[in-house]
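All chains are identified by letter, namely A, B and C, in their written order; residue positions are counted from 1 within each chain.
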């Protein structure tokens, strides 16, 4: 059974294979190739991109889709996360896509749920399909990973995207550094001054300040954040010619990214979103193998 | 690319053509004719009829449907309307159905979103598919538009239905007047006394008092409104033999319409709802042309 | 037209037939057998099992499914239950699945809605598909109903599951008794001491304390409830060899059932949930007959 819980448990060969399948999906292959398979999307945390691009991927594959709405469910009567997941397993579905607030929520399911689980984000820990779509975008752009320099800028400490990405990117031969306010740094990663990063990196990956994961308010105002760590049009001019801008979104226009930079020539933000559908098609196909 | 933003930009010939296609849909044609096309319903304002009749129309056409739930989306993390719409475009969908609180929300999307947008209602401005279903209902009833007399009664000032309808109905040769409380009148339209309208019109189109769009409370009580401008069974008796009652719904029983009038012989209210599915099939087919 | 409103209006022969069809569904028959039929799920009360197992059943049958979200509907503008249901009928659907807070909500629809209604639970009164899945589970286990002894334990007074089950189980020849706190007893049913029930019954059916249906707080603490009426691992040891544990779920672990008992060898709780999909396929097929 093929679960996708953490990217760190997939070999780089397997990851490259998933990206290859995603490319074929982008070229229009595999439409309706999983016809009749049943999948449920269980999002216990708000989501737009991940939730609806999984939904789109499932529809493109021809799957039958059940979309759970926690707000109108028996969780309102006190039902737990585990019992809710177990209920969906009992329906006889072929896979579950799950996002939850809790780090490593899947540990309580291991050995107890007998259908594939695709992790759509767990707390501050992992977000494997986000990393896969980031990798696909980078591979499309540069044709390789080896030697590329990326700075991940901003709320690294609370970001599952950052943690998942740095682990896999280093394995693929990329050089990863972090930047941004001291309060959001994670001491296990190398730090770079933001303006130096702007000039030297192949990829600037900006992160949103995730107020909903913090216990304390940010010490900087939005304006101060933007001045110190925001990617302004002026800073974009100082980036290398071939360098690109990425962001997992949602973004705060005027905070970590200037309004006019979101759709500028160097931005791959909406390209990333587009790739999200294809990598999710690829991981769904992989999860369905042998079913 | 065929957007449907305002009915005022469609010629009467095009409108008649859409109504013709809608009639064919009503006769059972075009089921599964848009198989494999992907569409998302983005409702940023509550809706029953418009939302779920679009959903029904899409299912009848065999489309793959993504239903967005704003309450469990990244809008909870501050993501904007524009970025949400742009995200769904980036998924590679074939069309977006959008309702929003803001008048002319689509202006910020023009030239920036490259897939068809079907306007399912924008603020107090337009509601093109509602007008199309009203027109289909009238054409079925009378076989023509030219010379028909309609009074639109009630909260005209804040009603996108009224504005869209009066513009297109006048173009089609109908005589449109308004009635109802002074506070909701729009001075650009001709006014008629309500009891005179009851006796003289071919069509009485009642509107709901839309408390959610008003800054101030209505000066009349529900009871007073009903006495002065409500369609009671007694008033129905004074309508012309062939005259009909319409209402875009939801309606307030006992305010603008008496409980027993909702399903009376002259009422076309549920017929309108039924026609809503067919006109939405027709506009979806039109939006898909050339894709 | 085949409505499913109360199980009490179905003959035992018809019930056995529905269970036969459900068994065939479990064996993989009837997938996509209702292709093209349109159904809407209207849940006006939170639900996980019933709502999503209906949804799964509909998808397995190949139906086109409309899922209503009351929280983002015109009910927010004051639209009534009746008018909402009537709206969905007007879309031209083939069936409606409805749950509502009100006992016998369907009485106001009788003769006024012309498409099949499948009752997914009405207030404290009925829950026919829950009883059908309970019956299917019992029949799979014991091969018969005649003579089996069941105790329904807990919040009987406010439980639609209890009322529906006792009526049909007695008709099928089962011996039904109730147990649990005095405040939740229904005097029309025979009472048994809980520890006696544990030792003598073929089936122990536990119920959740439904705080949301009570006007007053329970007089027992959770701990007290568990000591007096909770099924602990120790009590399970005193059950008959062949006896089984059932629960309609959601359950309160540590109140009416001990955590470790939920998935123990005697528990059929997740089996019941699995059977829920098959009985719902069967009743949907029955509702579609002749359409």
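By our rule, a contact is a pair of C-beta atoms (placed from the backbone, for glycine too) under 8 Å apart; a residue touches a chain by one contact, two chains touch by 3 or more.
Remember, it's a predicted structure, so these values are computed and weren't measured experimentally.
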Exercise. Between chain C and chain A, is it the same set of residue numbers doing the touching on each side, over half shared, or a different set?
Worked result: different
Seminar exercise, completed: chain B turns onto chain C (C-alpha superposition, degrees, nearest 5) by 120
Seminar exercise, completed: The distance between the C-alpha centres of chain A and chain C, rounded to whole Å, is 39
Problem set entry | Residues of chain C engaged with two or more neighbouring chains | 67, 69, 71
Problem set entry | Touching residues on chain C, where the partner in the complex is chain A | 31-32, 43, 46-49, 51-53, 55-56, 59-60, 67, 69-71, 208, 210, 212, 249-253, 263, 270-271, 273-274, 276-277
Seminar exercise, completed: Given the complex, residues on chain B that touch chain A span 36, 38, 40, 64-69, 71-80, 83-84, 86-93, 112
